[in-house]
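A, B, C, D, E and F label the chains in the order they appear, each numbered from 1.
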Amino acid sequence: MEGLVMLLTVFVLAVFVGFEVISKVPPTVHTPLMSGSNAISGITILGAVIAAGAAVSTGMRWLGFAAVVLATINVVGGFAVTHRMLGMFRGKGRGRKG
Amino acid sequence: MEGLVMLLTVFVLAVFVGFEVISKVPPTVHTPLMSGSNAISGITILGAVIAAGAAVSTGMRWLGFAAVVLATINVVGGFAVTHRMLGMFRGKGRGRKG
Amino acid sequence: MLNLLYLLAAVAFILGLKLLSSPRTAVPGNMLAAAGMFVAVVATLLIGGVVDLPIVLAGIAAGALVGALLAAFTPMTAMPEMVALLNGFGGAASALVAGAEMLRVHGVEDESFAVVPVIAIAAALLIGAVTFSGSMVAFLRLREWLIGGRATVFGGQHLLNLGLFLAALAAAVVFARDPRPGAAVYALVAIAGVLGVLLVIPIGGADMPVVICLLNSYSGIAAATTGFVINNNGLIISGSLVGASGIILTNIMCKAMNRSFTNVLFGGFGATVSGGAGGAAAAALPVRAGDAEEAAMILEAARSVVIAPGYGMAVAQAQHAVKELADELEKRGVDIKYAIHPVAGRMPGHMNVLLAEASVPYEQLYEMDQINPSFGETDVVLVIGANDVVNPAAKTDPSSPIYGMPVLDVEKARTVMVIKRSLNPGFAGIDNPLYYLSNTMMLFGDAKKMAVALAQAVKSL
Amino acid sequence: MLNLLYLLAAVAFILGLKLLSSPRTAVPGNMLAAAGMFVAVVATLLIGGVVDLPIVLAGIAAGALVGALLAAFTPMTAMPEMVALLNGFGGAASALVAGAEMLRVHGVEDESFAVVPVIAIAAALLIGAVTFSGSMVAFLRLREWLIGGRATVFGGQHLLNLGLFLAALAAAVVFARDPRPGAAVYALVAIAGVLGVLLVIPIGGADMPVVICLLNSYSGIAAATTGFVINNNGLIISGSLVGASGIILTNIMCKAMNRSFTNVLFGGFGATVSGGAGGAAAAALPVRAGDAEEAAMILEAARSVVIAPGYGMAVAQAQHAVKELADELEKRGVDIKYAIHPVAGRMPGHMNVLLAEASVPYEQLYEMDQINPSFGETDVVLVIGANDVVNPAAKTDPSSPIYGMPVLDVEKARTVMVIKRSLNPGFAGIDNPLYYLSNTMMLFGDAKKMAVALAQAVKSL
Amino acid sequence: MQIGVPKERRSGERRVALVPDTVKRLAAAGHELLVEAGAGIAAGYPDEEYAQGGATLTDAAAPWAGEIVVKVDRPLPDEVAQLRPGAVLVAMLQHLTEPELVNALARGGVTAFAMDWMPRITRAQDMDARSSMSTVQGYEAVLLGAELLPRMMPMMMTAAGTVAPARVLVIGAGVAGLSAIATARRLGAVVEGFDVRPATREQVESLGARFLAMDTELADTQDAQGYARAQSDEILELERQTLARRLPSVDLVIPTALIPGKTPPLLLTRAMVESMRAGSVIVDVAAPFGGNCELTRPGEIVEHGGVRVVGAWDLESRKAYHASQMYSRNVLNYLNYLIKDKTLALALDDELVSFPLITHGGEVRAAGGGA
Amino acid sequence: MQIGVPKERRSGERRVALVPDTVKRLAAAGHELLVEAGAGIAAGYPDEEYAQGGATLTDAAAPWAGEIVVKVDRPLPDEVAQLRPGAVLVAMLQHLTEPELVNALARGGVTAFAMDWMPRITRAQDMDARSSMSTVQGYEAVLLGAELLPRMMPMMMTAAGTVAPARVLVIGAGVAGLSAIATARRLGAVVEGFDVRPATREQVESLGARFLAMDTELADTQDAQGYARAQSDEILELERQTLARRLPSVDLVIPTALIPGKTPPLLLTRAMVESMRAGSVIVDVAAPFGGNCELTRPGEIVEHGGVRVVGAWDLESRKAYHASQMYSRNVLNYLNYLIKDKTLALALDDELVSFPLITHGGEVRAAGGGA
């Protein structure tokens, strides 16, 4: 019970942080921000790793494996895509200074 | 150890929330906000209550008692003072409309 | 230790998101978040109790390869659907982890299995499945492999959605009472899948990014729920972070695109807004309506802004406010020019009188012929209460009554913003195709009020 | 259960702080926070393991009585020192709790006592004591029971502070190795107390609110540290919340008062500003220098504002900015008049040209003879770059070279604000006693910049 | 093509139809320009500049032999005779006020375009000499009025007392009226505008001036070209009543009300003028067509009870440099529109051609008041 | 006291020394006012208003018999003779330019105050006729110049091309110069100001105009009263060089440079005028004292190579209504200052009395150029 309350506490605080952490976002970064936060939501990879790596049954192992694959795609693809998008407009930013 | 990490987690998240929760504050509420958050910092009353109420020695009891008194002054005085300040400028608001 | 590292990762995510929300710092922000993820994954692999490392590594290798390839070879224009796809995978992964966990519960046959994780499993399955199917629909829609780009709306949709949601809840309750694979859990997942589809199909192609953002928030919530399932701090913090910030971002995007947030939340926010009290013919075409904050951000980020004033500026007596806005922008290093069309206003030199009154230096005033060649290199043109003099139909549409009149080539600029009160026509009484171009943002309102709002928004950036 | 209720309280605090930061919602915000506190305290009393309820209740009753009385009978003008006092009590309470906890450690003689709580005890003692003594100095300073309102600065102060801090650390280390009451802990507390005093005394009376805010942040940190001592979630969350938000608020206040944040953090941000490149004779007399935010609040609250422009407005070409400020105020229901002295500026009608350029309606312009009788009922006169024409010496000092010249009777207004760059004299080359009157606030700066800043500050109220 | 630019001969006329800058552009386009020596002197354009621009400086007769003759004012009777049959004449003909001239042009086989009779459409604005000349008129009327007034225009609060701002009333808020309003506002006067067309209210206010409204709502006061219609006698009487109430406190009145082809409405009677303060000034911009004021005598300054009534008729000539520049730009734009490939093709189905075409092929066209 | 207000007789003078409003105030203070019939007509103040204000309308001689005689211009020789010994004369005497008149006044036993010779101190500003008249001069000089220019002043971007703004150069940024700058700026011209006194830079810029700076830093150009000192020939040459560079691009020049009691500096030579564009205008405000331009002939408009040089000398009279109002306010303030309890007490230790006092007790005083 106490453990659960701790988790809940953490959850509530994290939700608050999430609400507050972004406030004014210029439209230029809407998509990269979305994409970056999408990559972060691939955190479920941790669960997948544990499920696959500590499976107690074959079914669980394969479900876990599938989860690992999908979550990794999400994470790797997500960060890489975000980076590409940003690269595009870093070019523009440099242009401004030049 | 795990317990401590949990506390630390909670601490870190709360700090983030604290950093983010106030951003644009008009000067009118600087003082009330300071005063209100001062009242909240009287939360140490919980520690005081526990120290006084579950004292294992007389010294501890008296220290705890003193802590309870001071913390309560902080809490009660803090919230009340804040309320009075706010009342003042609610009054002004009303006055202007009239 | 593991949790400490997770905390570290979470801090990286928080700071990463913060950095990502400003163009200047977005790149390091993304890297920081990625580093956090790396720490969390490696920590889990090493000290997370992983027994069967090979299979995990195999999965990671496979996923990393596919992810990298997808990221590398998707054309820049297909980014939104790419995000949708990836997001769907994330949701699916959460659901799968929940499913695996269910199997563990089933496997150990431990009657004492707490109620909370079971509820969490049901929730993770539900949310994960909705995220997955919704994201897939969004993906297919954007790829135009599905139903074109048009929104599908039908009567009673909200009622149906509600019904399905209740059915999913019922299935979840049945499952919670007996947490093992079976009809209940299959039903749950199936219903959730359908729900995801239904939530997304009523939404038009142009509004997809908002939906993807919302689904992204859902996938965060799914991850957090999964965290409760496997009692994992990292998942809870990061998931709820993404869940919450995703909702905020969705809200921000809704505002920027002039959409109702509640409509998005509950699906079916329907047809694009029709442009105010627009002309009859116009109502059919979509316009992009912006607000002062959004416009201010674009203006502030521009290198060059050309202001094209017209009769509306005069009517609103907005000249002082416009000058103030220009001053604010200049302070921030933006190059300001005024493009004066020879017949702007209602008398020769109308704009000159007003701008002189507002002390705009003569050097900033450009005649049409001087400035027209430079619109191509202009970041933003701010059209203030001008209409006929910026009407591209004069160049392209031989049937237009103003065909042949030279006009300001504002549409060549990267972004065009138009301040006026409505889509009503100007002096010549004709519609203006400029307003419907993709690089045009309409700022509906009185010119003076809007200029004041813009100046204020620029100041508070 | 207890922790769940603490979480509830923490949420109440977070939302309360958020609501408190907007004037509209501040009252419910304060109530929400108070409710959260009530829940937390009652929960602790009931299920927090309190054994000796009577003594606790006695303490609470006593504290509540004193607190309520203090709050009820402190005059409104003494609010800042009141907050300082309360804050000191909070810091002291944290230190006392840590002390009590130390005694418990000592009492149980448990060798296995973990290292973390001991460090936490030392930290709580240190921070609590600094908070207490610093707050007390601030309180006494504001009450003017101590050293008047003037800042005390001496050479090597920063070095001394650093030395003391290191000494405190040393004491803490000694204490941690042997966590029992003794020389180390007394030294720790004593050094911390001195440090608190030294951090605050270099700060001038006008800057006290910033320091109090910082000390408030410290007391939050003290509470959080105490939370680690007694392993209490509620303290940790709420304390760190206050600690963090207090730092942000300090920063905001620094910006609003044009102070350097780092200077405040490290103490000794120095003497009150001397009046720019002020006249030699003037330096001796005290003037009240205000800033845009402060002035904006007074302006916004006024019913009637008379603007008295002079040559400085012309030099700064501030007319448009002044008009904008006036517009902002008018929007908020303030009645605006301009008082035009016949020889303001450097040519006849100088002010008229400029104000006409800024489109100030003629009806708002008042000649000296028209407006002089009404200054008595004017809330605020805003003198913008005028000097000789508002010099009361012309009426009172027969030795003045301008004796006998009719001037604007601005000093009769409730508040006079004067925008100019320094205390330097104007055309006639003579000092102006207006600047040293008690109802005068000097706003030092270029007239245009200051007018822009005022307008912005009014807008953001 | 051969383009002739004779010197203007109407007395008091200082403008010239083409300025060196436009001459240069036309020459660059391959036209031959015959400019009478001294044509531009009065407007501030010396002969050398024309020569540099590529024009041939000629005697008085040569320009009249051009295929195209461009002028500011309509030709004098003896000048009409000099035009070759088939020649094209471009000038501000004011054809509605002089049918005789129109007939003479038709008889002479002249293709005559009226620069002051362009359709009032957005597309034609850069050829519309009526607009550009009105702009100059409005400006100059105020300047002249301000100069004649024994008062200063702006408000000044000085050590020698407060100088009250002048009050200016502009009647008719067409192009000239708006230009007058803008100029008077610049000088710091308190300005009111008045017109029968309701659309003008917004336009007057868009210049920061007050609109003087009548008690009655008027409808249908505007024709398709945006010109005002002639008003009934009752309405005119109502207008005069509205104006009469303001006049005693007004220092400068600028009447500009016109109705194309009709005598301007009589808006200021003798009695109304008598109600004005001594020293006040009326600059009647409508004077060339008869004026809006009963006392107006075109080309003269009439003093009546201390009020001076200026029958303004050479306002544009008083600002001949810029007026010529603007007019010649209108002409240039129109010629560029008419001439394709160095020949003049008359697309009679084009409004921009047919509307201002007054005589052609020996006939007076409908627009010109013909059948 | 008896205050006489004769009609001004200098040809071209339209002002009057007291306007009905000030007459009323003086009458209310118990003075007897003898106003020559028709004195205010030319300035727009009819006799009835004087009568209503409490004045006695008289023939031409009566005002001269008053204890105090107030005038605008200095009296003509035959008028001096009409003054009673011991009478007080208040007028803009311009005593430095006409020692003969001063002597005559002294001989006549007249106590003469020069309204144009007030100390330039803050306290005296509301009596300082020099300032108030300069204000009118600067305004009117620009208006006159704008009217004479064949160009328009403001920039206008129109369908008929862009009208470039006029460029105005104001030389001498004293009171008249600043007033000219302000007026030209109002009209939308691009304005530059020039002066030798360094303090004027800020003042010119405070009106939004550009300051035309010389290459050399000048020091010690200003005397205690704030007037400019006469400059050495080298400096004047440097000034002319600076100005010469601007003249070819300037449309309107308003020279206002004066040095009290000296001939104004020669800042515009014939050659410099010849470098200007045809059509340009110079309105020489310094003309009454000889002018800043070589070609200036006071009271005339000289045309030279297309440039018109206006020897402006009746600028105040062209705005006689307001000029009279302001002057009479100065006079009122000064009389109120001098007269205590209906008698004139001459506190000769008071700067405000002694400085403008030119003749008294049969002697020419130091300030008046006497011993």
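Simple rule for what comes next: a residue touches a chain if its C-beta (ideal position, glycine included) is under 8 Å from a C-beta of that chain, and two chains touch if they have at least 3 such contacts.
Note that the structure is a prediction, hence the values are computed from the model and not measured.
Visitor: Enter the minimum step count from chain A to chain D; a value of 1 means the two chains touch.
Guide: 1
Visitor: Kindly list the shared contact partners of chain C and chain D, in label order.
Guide: A, B, E, F
Visitor: Identify the chain pair with more contacting C-beta pairs: B-D or D-E.
Guide: It is B-D, judged by the count of C-beta pairs in contact.
Visitor: Taking each chain's centre as the mean of its Cα atoms, which chain lies farthest from chain B?
Guide: That would be chain E.
Visitor: Centre-to-centre on C-alpha atoms, which chain is most distant from chain F?
Guide: Looking at centroid distances, A is the chain farthest away.
Visitor: Report, in whole Å, the distance between the mean C-alpha point of chain A and the mean C-alpha point of chain E.
Guide: Chain centroid spacing, chain A to chain E, equals 72 Å.
Visitor: What whole-number Å value describes the gap between the mean CA coordinates of chain D and chain F?
Guide: Averaging C-alpha atoms per chain gives centres 56 Å apart.
Visitor: Whole-Å distance, chain B centre to chain E centre, using C-alpha means?
Guide: Comparing mean C-alpha positions, chain E is 78 Å from chain B.
Visitor: Using mean CA coordinates as chain centres, what's the gap between chain A and chain C in Å?
Guide: About 17 Å, centre to centre.
Visitor: Touching at least two other chains at once: which residues of chain B meet that condition?
Guide: Within chain B, the residues that touch at least two other chains are 6, 9-10, 13-14, 16-17, 21, 23.
Visitor: When you check chain D against every other chain, which residues touch at least two of them?
Guide: Residues 6, 10, 14, 233, 237, 317, 342-343, 348-349, 353, 356-357, 359, 460 of chain D touch two or more partner chains.
Visitor: Note the residues in chain E that touch 2 or more other chains, in rising order.
Guide: 125-126, 131-132, 135, 154, 156, 158-161, 163, 186, 188, 208
Visitor: Hey, which chains are touching each other here?
Guide: Chains touch in the following pairs: A-B, A-C, A-D, B-C, B-D, C-D, C-E, C-F, D-E, D-F, E-F.
Visitor: Name, in rising order, each residue of chain B that touches chain A in their complex.
Guide: On the chain B side, the touching residues are 6, 9-10, 13-14, 16-17, 20-21, 23.
Visitor: Which of the residues in chain B end up touching chain D in this complex?
Guide: 3-4, 7, 10-11, 14-19, 21-57, 59-61, 63-90, 92, 96
Visitor: Under the touch definition given earlier, write down the residues of chain E that touch chain C in their complex.
Guide: It is residues 121-123, 125-126, 131-132, 135, 175, 178-179, 182, 185-186, 202-203, 205-208 of chain E that touch chain C.
Visitor: In the complex of these two chains, what residues of chain D are touching chain C?
Guide: Those residues of chain D that touch chain C are 317, 320, 323-324, 357-359, 456, 459-460.
Visitor: Under the touch definition given earlier, write down the residues of chain F that touch chain E in their complex.
Guide: 14, 43-44, 46, 125-126, 128-129, 131-132, 135-136, 139-140, 143-144, 146-147, 149-152, 154, 156, 158-161, 163, 183, 186-188, 277-279, 306, 318-322, 325-327, 329-330
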